[in-house]
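Below you'll find a set of structures to go through.
You will see chain A twice below: alongside chain B first, and alongside chain C after that.
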Partner chain A sequence: MTGTRDERVREIVTRYAAHRGPLLPALHAVQEDLGWIDRDDAAVIADVLNLSKADVHGVVTFYADFRDAAATRHTVSVCRGEACQAVGGQELYERSVSRFATIDDVTVTEVFCLGNCALGPSAQLDGRLHGRLSDDRVSALTQGWS
Partner chain B sequence: MTAGRTTVYVPGDAAAVSVGADDVAAALGRHPELDLVRTGSRGMLWLEPLVEVDSERGRIGLSAFAPDGTMLSAETLLSIGSAAATAPAVGEHAAYSLGVGRVEDHPFLARQTRVTCARLGIVDPTSEQDYAAHGGWVGLRRALTMAPAAVVEEVVSSGLRGRGGAGFPTGLKWRTVAGAEPGLRFVCANADEGDSGTFADRMLMEGDPFALLEGMAICAWAVGATEGFIYVRSEYPHAIAAMRKAIAAARAAGWLGTHVHGSALSFDVEVRVGAGAYICGEETSMLESLEGRRGEVRAKPPIPALSGLFGRPTVVNNVLTLATVPAILADGGERYAAHGTDRSRGTQAFQLGGNVRHGGLVELDFGITVRELVEDIGGGTRSGRPIRAVQVGGPLGAYLPAKLLDVPLTYEAMAEAGFMLGHGGVVVFDDTVDLGRMARFAMEFCAKESCGKCTPCRIGSQRGVETLDRILADRAHPGPAHAAGLSLLTDLCTTMERGSLCAMGGLTPMPVRSALTHFPEDFGLDSAATPGGRP
Partner chain C sequence: MILAPEPDLGTPAVPGDPTLSVTVDGQPVHVAPGTSVLRAAGLAGVPIPRLCATDSLAAFGSCRLCLVEIDGVKGTPASCTTPCVDGMSVATRTPQVDALRRGVMELYLSDHPQDCPGCARGSCEVQRLAAEVGVAEVRYGLGGASHVDDAGDQTNPYFAYDPAACIVCSRCVRACGEVQGTFALTVAGRGFDSRITPGGTNFLSSECVSCGACVQACPTSALEEKAVIELGMPTRAVVTTCAYCGVGCSFRAEVQGEGADTQVVRMVPWKEGRANEGHSCVKGRFAFGYAAHPDRQRHPMVRDRIDEPWRRVSWDEAIARVAAGFRDIQARHGVGAIGGISSSRCTNEDVYVVQKMVRAAFGNNNIDTCARVCHSPTGYGLNQAFGTSAGTQDFESADHADVFLVIGANPTDAHPVFGSRLKRRVRAGAQLIVADPRRIDLVRSAHVEAAYHLPVRPGTNVAFVNALAHVVVTEGLIDRAFLAARCENVEPYLQFIAGPEHSPEATEQITGIPASDVRAAARLYAAGPASAIYYGLGVTEHSQGSTMVMGMANLAMLCGMLGRPGVGVNPLRGQNNVQGSCDMGSFPHELPGYRHVSIPEVRHLYEDLWGVTLQAEPGLRIPNMFDSAISGSFRGLFVQGEDIAQSDPNTQHVHAALEAMELVVVQDLFLNETARFAHVFLPGTTFLEKDGTFTNAERRLGRVRPVFPSVVGKDEWQVACEIATAMGYPMSYAHPREIMAEIAATTPTFAGVSLDRLDAQGSMQWPVRDDSSMGTPIMHVDEFVRGRGKLTETVYVPTTERTTRRFPLILTTGRILSQYNVGAQTRRTPNSTWHPADVLEIHASDAEVRGVHSGDVVELTSRVGSTTLRAVISERMPPGVVYTTFHHPVTGANVVTTDNSDWATNCPEYKVTAVQVTVATALEHTRGVEARAAAVVAP
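And then the complex of A and B:
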């Protein structure tokens, strides 16, 4: 791929311009292709979709999925929903936060339900869903992350 | 099944994959004598990954891992597949059996009434032909021979109510849209299944996606819609992929697109992916999100049926609601209405989760009690400790104490008891749960996920967290400040209930109040007191 970031954003968003309500699919595509949605992307996106910059900025910041910087190499999203809390999900979350606190390459986030409520505690490790997680299992699955 | 070859079925359902189903499929798929089919899950989730093998006796189920972690071998499956019908169902394979013989004879499934989820775990979700071979498209074929108004009345006669949580009669909603301003109309499937403890929408989309598409197409014919959207939460990547594949296959087979199978119906569907906002499961917030805006709820009226997506008449129904419609059109509304009780007609796909031994999907006629569901079917807690609380209806549902579990799971009985059925999620907690902490979590969740449009929800939940922090800090030595905190908390609950724009702020007090009423000792109160005033 070539071109400046602005040109690439313009090219991606243009693919969605004819859709109904194109903003969310366009934002997903920008993040998917370029890794994150930059604050400065809003002006380009707004221009292509005939929206105001404020509209775009408002939408980007409303949704938890959109990030304004590149993701870390590894991600851990631990479920804090009630069903996972019933089998130790809260403790798993807290221990995951402290386990990876000193490792720059790992981001730990909370999520509220991954739809795996009968096989908790659940988490996504690098986007992959795992159920019936224990500390040992997390250690085994994240070996070599430090 | 080809001669000399044996077909094995391994679920591709996200829950099964979360405990190793993909590894099992990879290992079995390499064997030259096995034909591998990836299905959805039957819903016996504690047995996952549950492998099935074709035999003369039917499909025999085996857990893919023995208790010591050994993976089921292809040889074991081949020996079961080739055994005579008279051979014992499990025998030497007991290590993997966990009591499973013929899958449909398993007590967990045998007592269920599968209507909405009839094909789940049985069919190949990527195969439109398999769907057709298992009764698919029959409802749509029949609907297309009927006048649209007659299709609406068939759904009215079924008594089907919205399975997303609000329980609004589906046929009446469709009638309103059918009678609305002529022109462009939409069908939106709400697949933003964010409630903790619920996963039936996900399982259906992953295991029987064509049923949702058929339901949407029937709805489109009934109300005169031409475009459909499925709004799926981003936390469900497997469901998103399954629906996209199914849409392409349905188009190729002529069930979506212009002039569906030569009829006057032209209808197409697009998947839209959410972006991590719980509130977008609220229907007006979902419409805002589909339009490309912040997922802030709209004030009603106008109702979406009259002014919905882009201001046009719109049906918004939950996945399970729409996926039930094909069976209603195929077999008739009366037959569906014969299931259930009173004004809760039909079946409900309950989802049993949390600290439960036998968790999974349980589709039954309305009317089973919470106790029967969690004790008889669920087998009690996974930890083996006594049940202390059961939360029914997701994060906005009540915590029921062990002594109140005999309430029947119907819309009316639950409402009468001050609870709600919601989307049918049932989450079990053992006696180690701290209901004070769970009440605080309910407020914290609301504070984090509130769309921020109305003050009672946005600020009330934040104050709720702070007030509960003080109450819980004082609970060992309650004094006047503790009593004042509790009084403030019940005031806050009343304000949120009466002043919030949507169910998020309006119902967050339900778990809080029920915890306070039924578990006062967790808030530093005498267990005889009932400060919540009501559930």
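And then the complex of A and C:
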């Protein structure tokens, strides 16, 4: 793809303009294709979908999964829901935060329920769901992340 | 003392008969189906605590304070989102409800400043409600996470955002969407992190149009007028009518102090005002500071020659000077050598007295009004077609329209409160056709999109409206029954309009609108079922302005779009009282009530009452006055509240005319451009000092009440009376009430109007034919005022103002939201934050071939003059058309406009001027513009 970022956003969002409730799928597509949703994208998205910039801003900021900068190479999303909490989810999250604190290319986030409650504590590592996680297993699964 | 706010029943009223019977805490109440339990409780006199509900917005159900128990219903539903059911029994204060409310309130308090200044002032409801629901302590403590240290936003000149006080009820967000239709606010983030934001930027840089709806809706002091923060709460309120555009919004002027010491704290839109129903725009809501501006003139002044300095004099001396001067001119040059211009900014009572002064004391009909330059073709055209010189509907009618045809009007900027109503109806599903050379906001803006934008080339309106009518007629879309029963000249008109020269295909080359779009738009309009035409100065300010008005009337009659809700032909009047000033007989050919001066019975009525002989021949129109001044036969002018030297076309010609006169008397708030040519200056009063009535675009007489006494010592009608008296014609009234009584006694359409009735029973729309009538919201219901509606063959005649090689572009002019007309008021308020100078909008291709970039200073030249201003490349413009506003005297947009005018009424052709645009190469041009722009911003 060529063109300025604005042109590319316009092209992506235009594909959804005729859909019912086009904003969320359009935002996903922008993030998918361009890596993140820029603050300045709101104006273009609003223009194509005939929304206000504030409408777009409100939706983008509501969802934690929309980012405003490029993703790190790796992501760790630890479940902080009640079922995982009961089997050590909080410890897993805290240990993950400290484990990757010094590694720039990893982002550790909380999520609230991955639907894997029977097999907690759970986390997604680079988008892949893992249950029955311990700090050791995280260590093993993330070998080579640096 | 804290001023009582207007009652708020929590959720909007639901139309319908009160057929449901409900009891709330044992109190019986009858409500219409669909009414919420919250509203029913309020009506029963048992108000329920709530934070997120207000009766201007749909119920939202988020604050969880309005919980109730209902017999036979499980749990504690939110009363705002629960509709009433017949026989329902509601309890608002049970132990369970009380405990739940206290718990919720504790949570709010845990994130609210203990020393909230709004709570202390009385502008924030949180601590008051906490006390009301009985919160004694906050069990969660106050040391946890909170927002009480969040940074505020002071960027808007009129209101501040203090997130510390914010409870994120989203009333502001919903008001911005539901009421104003701008959608500039949102809730960012989620859960505890949720914050109100104007789209992630500050208020001034955001999409916010500063209408004040969010401030109005906020239950806390998170969004609050800066004036309230600075001055504290108002202590007294006066309900009055706004003096900006012809929407005529009702406001509560909320003030501190009494008499001459009165300080206006804020203007709050009045929910009971029928024109605005509690909504406002940035002008009426906030831009009232000009009334106390240091430029305001407070004393009469005179000078012998216009190059001499002004000399302050007493009222008596000034009035004696005016009277003697006018009589002297008449002695030397005849009775007709003097005249007056009344103002559409003044009250009906002011205007009536000024025309009486001219007719009875000056002894001639040389009275004209500034409506000459805006809506005179409306008066003429609608009178020809329907028999009434006014719009056919009330504003509320728009809520019933299925199709809007908006022609040459930009309501979101020029009539913002009506624009919001229109957008709301379009969001609810009505279709919109916009005919305008520019891509105005209505064509496409958040959540609103026109079905068709017809970019009609300036000056070709009649060809365009004929093409619409041609489609309707030739495709068999006319309402034959309506035409047969109610119209005349039907067959000749149908034959005329069916001619192939009117087809969209034939007119495409003239209007520039694709024929297929014209056909589709005509079909949409004809299909209705209720189609309404709204129009502005883009219709009237043309050499065929009157023809175009009749053309639109033809179209409405053809499709039977008159005499019921949701239809009609409706001018959006530019000024607060332009309708009224026309009604009051300030045209040279008409006595009050649009009755021609040649009709003996009408003349005799006034001759008997006034004890004078009236002339049967019409007097001079404004342009005739200028021409006669230059030729030497017209030598004295009284001009009230109109800056003819800035607002009238072909500025050089106007200046020459003013310079040629012996005595120019200007009455105004400020030393305006016209005052530069005046020999006597009489200070005027603002609407905050006036007592009387304004008549808005829907013929509604709104009461204007004095908020403080005249700061210049006299009311304007008094000044006119005293001039007349000094000229030997005694004229006096004890109160404007007496003036309106005289109007009512002599004008059948006002027969039932009195200030007492307006005070007691609220606003009324003329005709008000007797004391029992509440007026006429929709006209021509069963028959037209003139009997049968008259179809007129509207032959398109191209304007003589055409593009040439020297002047290849068409200039058209308009208004922007934050400024008003010549800007005399708005430029003297912080509204200039948004529009510090006029700019020239130009299409990218026209700019490119001229080497013009956005921000360049360009020279704008027409056959009659040239001016310089900054250019902005705009996607709104079609190629070949440029646009500017006339809010700033330094721009002098009217230096370039020509003498062309409407054939019937002399309304100037402001909307079509052939021009050339060049980059201003000489450096002094740039310097000049910058220096002058700086001079404007400085005060």
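Note that the second predicted complex is superposed on the first by the 146 of 146 C-alpha atoms of A that agree within 3 Å, B and C clash if a C-alpha of one lies under 4 Å from a C-alpha of the other, contacts with A are read in each partner's own complex, and residues count from 1 in each chain.
Going forward, a residue touches a chain if its C-beta (ideal position, glycine included) is under 8 Å from a C-beta of that chain, and two chains touch if they have at least 3 such contacts.
In this text, all values refer to a predicted model and were calculated from it rather than measured experimentally.
Novice: Quick one: classify A:84 as touching chain B (first), chain C (second), both or neither.
Specialist: Touch partner of A:84: chain B, not chain C.
Novice: Touching A:132, do we find chain B (first), chain C (second), both, or neither?
Specialist: In the superposition, A:132 touches chain B alone.
Novice: A:42 in the overlay: touching chain B, chain C, both, or neither? Say first, second, both or neither.
Specialist: Second partner only.
Novice: Looking at A:62 after the superposition, I want to know if it touches chain B, chain C, both of them or none. Which is it: first, second, both, neither?
Specialist: Both partners, chain B and chain C.
Novice: Quick check on the superposed pair: does A:122 touch chain B, chain C, both, or neither? Answer first, second, both or neither.
Specialist: A:122: touches chain B, not chain C.
Novice: Residues of chain A touched by chain B versus by chain C: which partner has the larger set?
Specialist: Touched residues of chain A are more numerous for B.
Novice: Looking at A:113 after the superposition, I want to know if it touches chain B, chain C, both of them or none. Which is it: first, second, both, neither?
Specialist: It touches chain B, and chain C stays clear.
Novice: For A:25, decide between first (touching chain B), second (touching chain C), both and neither.
Specialist: In the superposition, A:25 touches chain B alone.
Novice: Quick check on the output: what are the common chain A residues between the chain B footprint and the chain C footprint?
Specialist: In chain A, residues 51, 55, 58, 62-64 are touched by chain B and also by chain C.
Novice: For the complex, which residues does chain A have touching chain C?
Specialist: These residues of chain A touch chain C: 39, 42, 46, 50-58, 61-64.
Novice: Could you list, by residue number, the parts of chain A that touch chain B in their complex?
Specialist: 20-25, 27-28, 49, 51, 55, 58-59, 62-66, 79-87, 111-120, 122, 127, 129-132
Novice: Along chain C, where are the residues that touch chain A in the complex?
Specialist: Contact set of chain C toward chain A: 182-190, 197-200, 206-207, 444-449.
Novice: Which of the residues in chain B come into contact with chain A in the complex?
Specialist: By the definition above, chain B touches chain A via 14-15, 17-19, 45-46, 48, 193-199, 202, 227, 234-237, 272-278, 289-296, 310, 351-356, 359-360, 382-383, 391, 395, 425, 427-430, 433, 438, 441, 445, 448-449, 451.
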